[in-house]
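Structures are listed in the sections that come next.
Two complexes, one shared chain (chain A), two partners (chain B, chain C).
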Partner chain A sequence: MNPLNLLFQVADSFAFIVLAAVGLAVIFGMMGVINLGHGEFIMVGAYGTTLTANAGLPLPLAMALGVLVTAVMGFVIERTVVQHLYDRLLDSMVATWALGLILTQGARILFGNSIPQVSTPLGYIQYGPYSYSTYRVLLAVIALLVLLGLYLVFTRTEFGIRARATIQNPDTAQALGVNTERMYTSTFVVGSGLAGLTGALYAPTLTVVPGMGSSFLVEAFISVVIGGPSVLLGTTLSGGLLGVINSLFTNLYGTFFGQIAMLLTAIVAIRILGDGLTGLANDIRDRLEGE
Partner chain B sequence: MDDHASSSRRSFLAAGGTVAATALGGCLTSGGSGSDTLKLGIIEDRSGNFALNGTPKYQASMLAIEELNEEGGILGNEIETFTPDPQSDNQRYQQLTRQAINEENVDALWAGYSSATRETIRPIIDQNEQLYFYTTQYEGGVCDSYTFCMGATARQQLGSVLPYMVENFGSDIYTIAADYNFGQLSADWVRVLADENDANVIGEEFIPLSVTDFGSTINNIQEADPDFVMALLVGANHTSFWSQRTSAGLDIPMGTSTVMAQGYQHKRLDAPAMANVYGGFNYMEEVPTDRNQEFVERFYEKFPDADYINEEAVNNYFSIKMYAQAAEAVGSTNQADIIEELENGMDISAPEGDISLQGPVHHMTHNMRVFRCDEEHNITVEDERKIPEQFLSETVGCDLTENEMTTQYTPADYYDEADTTQ
Partner chain C sequence: MGVGSFFDRLVEPFEGPNTIGNSRPFWIGFAVVLVGLFGYPIGFGTYAASSAALYLVYAILALSLSVVWGYTGILSFGQVAFFGVAGYSFGLISLNLSSALTTMLALPVAVILATIAAFVLGYFMFYGDVRNVYVTILTLVVTLVLNTFMAQTAGSEWTIGTVQLGGFNGIPAIPNLTFGVGGTAIALDDAAFYWFTLVVLLVVYLGLRALVNGRFGYAMVAAREDEDRTAMLGYDVRRIKLLVFGLGGAIAGLSGVLYASWGNYISPTVFGITFASIPVVWVTVGGRRSLLGAVVATVGLEWFRQQLSASGSQYAMIVVGVILLIAILFVPEGVVPRVKNVVLAARNRFQTTSDSVESTPE
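And then the complex of A and B:
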């Protein structure tokens, strides 16, 4: 096994898992809503990007538009559907799942079974007999930047403080003058925008078709479940752990075993760690502080 | 088959359908398969995973039926259709197949894209002795008294492109294939054909249909350093491989039987994703003959917004015409009579060229071509020859005129190279 190959593949898996999960994690972690239409939100981002890039817009600008379109769609969906379903976990799951179906079929009706794809930019890195796509390496860097950005937003801005107050105790937050309803809407829009970003970033590397959202779902859900309640720490840790396991087994035994290993890890992690990796990290921190 | 029992069962069902239609509709204009109409079932995916491949099949079928109706129908009867959308869902396929046979009383059935779908509905077809046309290119080996496989088999598709690749690029082959029955059996055929052409399979990788990331696969290919790759990838997720191989700089020539002609990747992906891909197919829209150009024009005249005419679409088209030819020849729409007529063999003038039905095995001798895609995604024909179905006819010895059968044979039963259990 070539160590550079493995390194690139770990970075690649990490980026895919983190970016697939982060929008879902924000909406679930902050609002307790499981967005089963998450994959389709990603699809909307990819469509927004590909269609505008095909219309002649430079790729980075097209990506920004893809994010914007998804965020606006998130806003509309939150105002019309999701806001009525807070504290109704199962109802919100059914509703968002239905929205996902509508989005998939809507994309098919509007744009057909497929649209012309955008090619992957930036060429490749050559090392010995091997080569790796530069753009995919860049995705790992972007995944890290997204996590860092979220950390700063939720810890260093007034929005972040209000958002966290709303999650911890909405009644008290409201008593202190926080417009909790607006916070929920903003959080849903941020989560949707992040899903749109994932779609925008992966549009040049994957096949953009109406059903593409499903290819993100497994990784996203496993990552959120293993990650546990803390959005950022959980997503980072599970992205790292699953990324290493997936790429190691893929590298050694092929793609099939990479996927099996990831699912087995999820089973073991859920069985042993009730609160996911975040819970484990907190336990370790408490123990260290206790000593 | 008991003709009498079969036809009286059908009459009973037709009568039942008529009664039901009368009861429901209050009046009856033309219910079921009456005396002056006949009904064809066209169950092709227009939504779900296979929508991209199924939609052209549906469109080409409608074109064939429209053309036949304009010429006065079959035996003077106008053709009616039963065309629900199975939504790429195998359970729905089962339900619709039962509906087509038992309620709609179709005279012939075209249905299904994947081998998994075909195998899901084949027991229902066989149980009801329903004349059925399966038109996708497939792994081969189906020897079934009621099923006519109109697509080229893996031995025909790979048998045209693999020898060409060995001759032009060298003898070391790396196979990547979708990890289900079609991909596994096609990879077996690569091994058998490699052996027949003095080549070696130096690496093999099976990829689950859900995989979208091919970084490690690309590295594995680079490590093995083959002369060419046989890429037997299937579905939307696997399409990501092509742009990923370009962006990773993997420039080894690729042979295939599963992309371009079915999912028109050379039209959908940005060039040069499909550069230096060589496919063995019986048809692509780009076949440079006058007859085909005329067909393409007629197709787009009827469906101006259609995306592409894929390999399977023309298989639907010519097989509907072939059915009509058989019905006219035998002077009846009785399914048993038509099957018997088809088993005598038949010459067909198809958009791909003049081809013929091999009656005893229910498969086609196809006009197989090697299509090359260049850097600008232009398609050229590099090689062309007629290749008959050989596995059932020569190796297995399937003869449906002699024995009634409903079996699928696999290469591992007959070739050491294909037997991975050793």
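And then the complex of A and C:
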């Protein structure tokens, strides 16, 4: 096998896992809420993009609109449903799942079982006898940029500091003047927007159908399980690890074994590492700093 | 008073603070409803009975989630995994060894396989100290992976014995549940199947009532309420969770076998995300801490869903989602416990001397 081929596939897998998981990870890491409607949020982003692109909007603009629509929807959902369920973890999972159900069937009723596809832009990279979609390479770059962007937001901005204070200790943060309720709302909106971005980015590469969200779920959930509570570090590390494992096994034995390999990795990782890869990374850092 | 005290002794194991309905009026009502249910096929014919049997099959699945989630606090999104494993096992065994005896034996074997699956998964989760949310995600992921696996078994290389797994098309022509040997065997169909399922449901319901009102049930509820404190009091919380999860797997498996023999068919949709979440809907709406609530909500919602989709409405799933949202936001304790509280409050208002205030399950 051509090593460049494998590299592209790992990058592709990495991008898919990171983008599938990042919105989920932000909401989970910051608010402790697992959004079981995450896949449907991604679907909304994809629909927003595809529909507006089909209406004649340039693709980048259509994608921005897809993100916007999902973020606005996230805002509405947070205000109406999720905010009542913050101290009820399992209930919030069930409620977000119910929202997902409504979104899937709603899309089916509004737009039918399929809508015309946007073609994948940017053509192919040629190398020797092989070629690879330029757009897919771009997705890997964007995945890295998203992680970098989140890192900057959380470490360099006022919002990030308030957000981290809220995760560390909501009561103290509130006592110090942080409007924690507003933090939760904006976090949910950011997470939804990121889900929308994933949908927007993958809209030209997948068939856009009402049930498409579930194709992201396994990767997203496994990534969050392995990643542990720290959003950025966890998603980056698990995206990297799972990207390699998934692309290797998918390549060798097919999609199912790619998923099985990831699932087994998750089970083993949870068995060995209490707090996922984040915990492991922190242990290593502590040990290095201790010496 | 002989009859009365005999009655009290009879229902005593099934009564306690963890279930609704610890009074003579309840049991009398229960008996009346039960007689009505047994008479249903006679009054409405075998076709209606055959359709209604599915609701009873689902109610057994709902009970398995109620005991795992409602009473022990483990939100399993993977009850259908064990349902499906048992259903597929039953289909494969009964089709491969097609004799009355093996079809009869396929039932326990399939249930045992589902139980083993639950124990293996449960062992990794609970002895790996996997916490709340992660348990939910892992059970869901396992189910979705099974879905991917079964969906890609369309090729002829996926043949077990003489039976093809069939990918999305599933396995057709699964035989009816059969009891007996050779020529004297009875295959259960229509009304007979309905009665059998009703008996199974009754046994599972009463068995679980006895369980949750017994010592082990108290330990389960304690583990749900405060894991650390329960462990401090000397209970092995991991063992409790594993045992309950295994029991839930067994009951879900039983339901899966009944499902496969009801429709003579099983397909990967039993591992799909929609089907995976339906039990969560039933149990949430009915009241997750109420076994009776799980049964009532399952039958009610499934009947309702059937009516909606029979009328060709696309809105069935939307309505289900909305019902679920409303239940969580406004009736978080579930419909059946709410009704019970309303009834009790009304009764207390009429009865100034409220001699027997029932303890509420909490």
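As a convention for this text, the second predicted complex is superposed on the first by the 286 of 291 C-alpha atoms of A that agree within 3 Å, B and C clash if a C-alpha of one lies under 4 Å from a C-alpha of the other, contacts with A are read in each partner's own complex, and residues count from 1 in each chain.
Basically, a contact is a pair of C-beta atoms (placed from the backbone, for glycine too) under 8 Å apart; a residue touches a chain by one contact, two chains touch by 3 or more.
No experiment lies behind these values; they were computed from the predicted model shown.
Novice: If chain A is used to align the two complexes, do chain B and chain C fit next to each other or clash?
Specialist: clash
Novice: Let me test your reading of the model: by the given contact rule, A:V94 touches which partner, first (chain B), second (chain C), both or neither?
Specialist: The answer is second: A:V94 touches chain C but not chain B.
Novice: With both complexes overlaid on chain A, does A:Q259 touch chain B (first), chain C (second), both or neither?
Specialist: both
Novice: Contacts for A:R108 in the overlay, against chain B (first) and chain C (second): which applies, first, second, both or neither?
Specialist: both
Novice: Based on the superposed arrangement, let me know which partner A:S133 touches: chain B (first), chain C (second), both, or neither?
Specialist: first
Novice: Under the stated touch criterion, which partner chain does A:V224 make contact with: chain B (first), chain C (second), both, or neither?
Specialist: In the superposition, A:V224 touches chain C alone.
Novice: With the two structures laid over each other on chain A, which partner does A:N2 touch: chain B (first), chain C (second), both, or neither?
Specialist: first
Novice: A:P170 in the overlay: touching chain B, chain C, both, or neither? Say first, second, both or neither.
Specialist: So A:P170 meets neither chain B nor chain C here.
Novice: Of the two partner chains, chain B (first) and chain C (second), which one does A:G240 touch, if any: first, second, both, or neither?
Specialist: Neither partner.
Novice: Should A:F16 be classified as contacting the first partner (chain B), the second (chain C), both, or neither?
Specialist: So A:F16 only meets chain B here.
Novice: After fitting the two complexes on their shared chain A, where does chain C collide with chain B, if the options are 131-139, 149-157 or 203-211?
Specialist: Among 131-139, 149-157 or 203-211, the clash with chain B belongs to 149-157.
Novice: Name the residues of chain A shared by its contacts with chain B and its contacts with chain C.
Specialist: Overlap of chain B and chain C footprints on chain A: residues 105, 108, 218, 254-256, 259.
Novice: Under the definition above, what is the set of chain C residues touching chain A in their complex?
Specialist: For this pair, the touching residues of chain C are 69, 75, 124-125, 128-130, 132-134, 136-138, 140-142, 144-145, 148-149, 152, 273-274, 277, 280-281, 284, 314-318, 320-322, 324-325, 328-329, 332.
Novice: If you look only at chain B, which of its residues touch chain A in the complex?
Specialist: 47-49, 51-52, 55, 179, 205-208, 210-213, 215-219, 222-223, 225, 236-237, 239-240, 243-244, 246-250, 267-271, 273, 305, 307
Novice: Of all residues in chain A, which touch chain C in the complex?
Specialist: Residues 28, 32, 34, 36, 81, 84-85, 88-91, 93-95, 97-102, 104-106, 108-109, 214, 217-218, 221-222, 224-225, 254-256, 259-260, 263, 266-267, 270-271, 274 of chain A touch chain C in their complex.
Novice: Where on chain A is chain B touching in the complex?
Specialist: 2, 5, 8-9, 12-13, 16, 105, 108, 112-120, 122-124, 126, 129-136, 204-207, 209-212, 215, 218, 247, 250-251, 254-256, 258-259
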